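In the two complexes that follow, subunit A is the common piece, with subunit B as its partner first and subunit C second.
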Partner chain A sequence: MADDTRYAYAVARVRGMETGLLDRQWLERLLSETANGALKALSDSAYEESMADVGRPQEIERGLVLALGETLETVSAISPVPELIDLFRLRWDARNLKAHQKASFLKLEGEIGVASGVGTIDVSVLEKAVQEKDYTALPDFLAEAARTAEEAYRDRGELSVIDAVIDRAMWKHSLDTATGHRDTFLRGFFQIEIDLANVKTFARMKEANRDRADLGAAFVPGGTLELSLFEGLLGEPMDAFARALEYGRYGALTPVFREWTPERIYTLELVCDNVLLKEIEKAKTIAYGIEPLVAFIVYRQIEIKLIRTAVIAKLDGADRSDIEARLRMTHV
Partner chain B sequence: MRIRANPNRMQLLRLKRRLVLAKRGHKLLKDKQEELMRRFLGMVHQARALRETVEAELAQAYRAFISARFEMDAPAMEAALASSRRLVELHADREQVMNLKVPKFTVEFPAGAEFGYGYLETTAELDRALELYAAIIPHLLKVAEMEKSLQLIAAELEKTRRRVNALEHILVPSLEETIRFISDRLGELERETATRLMKVKEIVREH
Partner chain C sequence: MEGLMLAMAGAALAAGLAGTGSAVGTGIAGQAATGVVAEDPEKFGRLLLLQALPGTQGIYGIVGLFLAIGKMGALGMGAMSVANGWQILFACLPLAITGLTSGIAQGKVSGAACGLVAKRPDEMGKGMIFAIVVETYAVLGLLGTILLLQNIS
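Right after this comes the complex of A and B.
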């Protein structure tokens, strides 16, 4: 998309906020501290507000979820088209809806797996909707997905169908909304996310010796990689999948599948994030548009993942090398 | 230590029977002690090796779990773990080892049970961690079974050892001492009687 001057103010604000992103030097400080020290260090950063109520490193997740919620809310508020940025928040609505539905079917008490303050819908609204089976308060696509998920669960009795139905609906809505706004960047970005999600699902299915039906049920349509590609390679060695990806957009994933071992399974997450980061690097050259806003959100998400890794590793007494092995390209 | 008993033939016979019984009991208990010790030593090595294996497996699963935790936020992890519907069917039974009833566990994983979470918010590391944990369950139960059996055998061994010692160092020597005492006493009485009879005979002869 050509430069969109509507984004002038938003991009200027985001460029300002980008200076608060944690760089390699800051990361060195985080790695050299203890878990408590890391928490203190975060209080001197852009995470000051979100970490204000976090007293112990064990509770850091609360601060990180809050920080992500604040980031998404701020970027949405400054965006001339908040609807598009809210697609990143809708994922959390979908997650919260799934958590509430599963808790309801399993008759679990309390808010298990629910993250408040990140999505666009208040968690109490979602909870009430699920309890009363009245989804009119939710956006149409989510309400429809919730009803379909309920029926699918009743038919098959498998909780994973709830994830499959709601995730598909969420991605379809994201793609449709981006298409509706003729935002090719965002549509392309979502397609990459879908492709990477499908690649990861394929690897997990293969590792667990699942069949084509399972793969088909978990596959998210809408990406650039077709289901038939994955189905055809399900029974083949991992190397065959590496060859299939080698000369395409996801060639960077090839080494992971070539040297596939269960012990190094985490490298898949790492490389997928790097593919995403590589894709949004282009946003640096965009003066006006949604790209810098999306890039900022992605950078913040990766940063949060890194902080979580560092603090958990420190609490667990893991080596510095364990943390460094998980650094994404932005921090290397 | 001598047992308090009247020095008569009846008691002597009774004590001799008790001594035979005590010696037979001692031999049986000694045999039992040896067999228990043999089993105990055999199982100790097995249990130690199994525990070391299980601890290594647990450490590996824990590392995989922490690795999954690095990539997943806490709500996603909570949701994933809360929705697992994998069932483990545990059958607890007892097995006779000598006079002991030791536990026997068998575990089954019903087919078709799902972890119940989706693929988007979870990672392959979580699958791996949960599979590793699931694979450890039978080994963990085996360790529990062996260690409980060892505890029971050790307690029985201790009890048997005390009985063997009591028989060997207290009852049998006491019985032997008492039998010796009664035999001596009866012998003395016999000699007394013989002397008395000889004296009576001599008096009768003089008259």
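Right after this comes the complex of A and C.
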């Protein structure tokens, strides 16, 4: 792709922001500290502002969500095409919408797991829309998805249909927007994310002995791996799935499925992150374009996941070797 | 008069296109430098140097313009032949073309070097060298124009 010098300011600024990403030395400090010490260490890093109101490690999620929200908002603000960066915030809108709809159907009150300040739509707007069943304040595609999800839930009575309907709409919108901007990199990146989401869904479905209909309902179209591949292997041993992936783009996932145990779901999550990181590694060398911006967002997201994993493990009383095992395959 | 018009067009192209290259180049590098300074204002001085590098093509363009005007004066200005006018116009083209293209290209390299300075301030020298390599071709363009102008009689 030709240099897109509209990104000159944004890419240079992101290069500056990348110096605030946590390095191996910092990870060493995180591992050697207690949960309280880890929180203090975060206060001495690029997370200083977002952790300012977090008093104890049990509340760290609030600070991490705030940090992610700030990152996405900043990158969106400096990008010459903010609607493309906002696609990464959109998934939080989808997540919050799903949480509100599920809470509404289950008549839950109080903390329902919404993330405030990360998406493009204020959570109070989403909450009001769900409560009043009036989705006109939402973007058209999300409003349509919300109505479809409501109807699907009434028909089938399963909360999982809400996830399926809204996730499909979200990914379709993301792919369509990237295609509309003729951004082949972003479209390809979303396709990889969709593929990895489908691989994880397949592993969960297989583990839970679900049938093809369930798999088809949860499958997100738009990736490079077709539904027929997953359907054909649903009744086969996991090793067959490993063989199917072995020589393709997702060959790195093969060892996980070859030595599959239910506990490897967590490893699968890490290896999927590594596939994304490997993909984004190429993007780092682009001087002018959206690629370095996306790379920074991915790094920050994975970094936040890493911090969350480490601090929660510490709070659970896991020893250092256990935590290291969980973090072993991260990018730092 | 037609000879003079052609010669002036050549001089204008040299200054105008080389200046345009510099304007675009320093603009790109300036945007990148601003992005880095937004995160770390202390890097302003170093980045100013990188931004200024693509500005030299504009200066070469003005030098070419003066040389062309000098040659027009030597050839009698209004009395200049059409053939001399074409000669001056073509003599100005190396500077005009290399000034435009190298100014933009150097701006891109300087902008990328700003990103390098943001992440690794100690490596600024390498970033500058990459940008200066592009400068070579602007200098060669200027030299070409000087040599061609000198041989017009």
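As a working rule, the second predicted complex is superposed on the first by the 326 of 332 C-alpha atoms of A that agree within 3 Å, B and C clash if a C-alpha of one lies under 4 Å from a C-alpha of the other, contacts with A are read in each partner's own complex, and residues count from 1 in each chain.
One rule holds in what follows: a contact is a pair of C-beta atoms (placed from the backbone, for glycine too) under 8 Å apart; a residue touches a chain by one contact, two chains touch by 3 or more.
Values in this document were obtained by computation on a predicted structure and should not be read as measured data.
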Exercise for the section: Consider subunit A as the common anchor and indicate whether subunit B and subunit C clash or fit when overlaid. Expected result: fit
Problem - Which superposed partner A:318 touches (first subunit B, second subunit C, both, neither) - result: first
Practice task
Using the touch definition from the top, say if A:15 reaches subunit B (first), subunit C (second), both or neither.
Solution key: second
Practice task
Quick one: classify A:288 as touching subunit B (first), subunit C (second), both or neither.
Solution key: second
Practice task
Scan A:5 for contacts with subunit B and subunit C and give back first, second, both or neither.
Solution key: second
Practice task
Could you tell me if A:89 is touching subunit B, subunit C, both of them or neither one (first, second, both, neither)?
Solution key: neither
Practice task
Could you look at A:160 and tell me whether it touches subunit B, subunit C, both or neither (first, second, both, neither)?
Solution key: first
Problem - After the two structures are overlaid on chain A, angle v-u-w for subunit B, subunit A, subunit C in degrees (C-alpha centres, nearest 10) - result: 160
Practice task
Spot which of subunit B and subunit C makes contact with more residues of subunit A, would you?
Solution key: B
Handout entry: Nearest Cα pair across subunit B and subunit C, whole Å
Key = 29
Completion exercise
Going through subunit A, the residues touched by subunit B and also by subunit C turn out to be none
Fill in the blank from the handout: As the complex stands, subunit B meets subunit A at residues 66-67, 69-71, 73-80, 82-83, 85, 114-121, 123-125, 127-128, 131
Problem - For the subunit A and subunit B complex, residues of the former touching the latter - result: 61, 64-65, 95, 98-99, 102-103, 106, 108, 112-115, 158-160, 162-164, 167, 197, 200-201, 203-204, 207-208, 218, 220, 262, 265-266, 268-269, 304-305, 308-309, 312-313, 316, 318, 326
Fill in the blank from the handout: Touching subunit C in the complex, subunit A uses residues 3, 5, 8-19, 78, 287-288
Handout entry: Of all residues in subunit C, those that touch subunit A in their complex
Key = 28-29, 31-36, 38-40, 107-108, 111-112, 114-116, 118-119
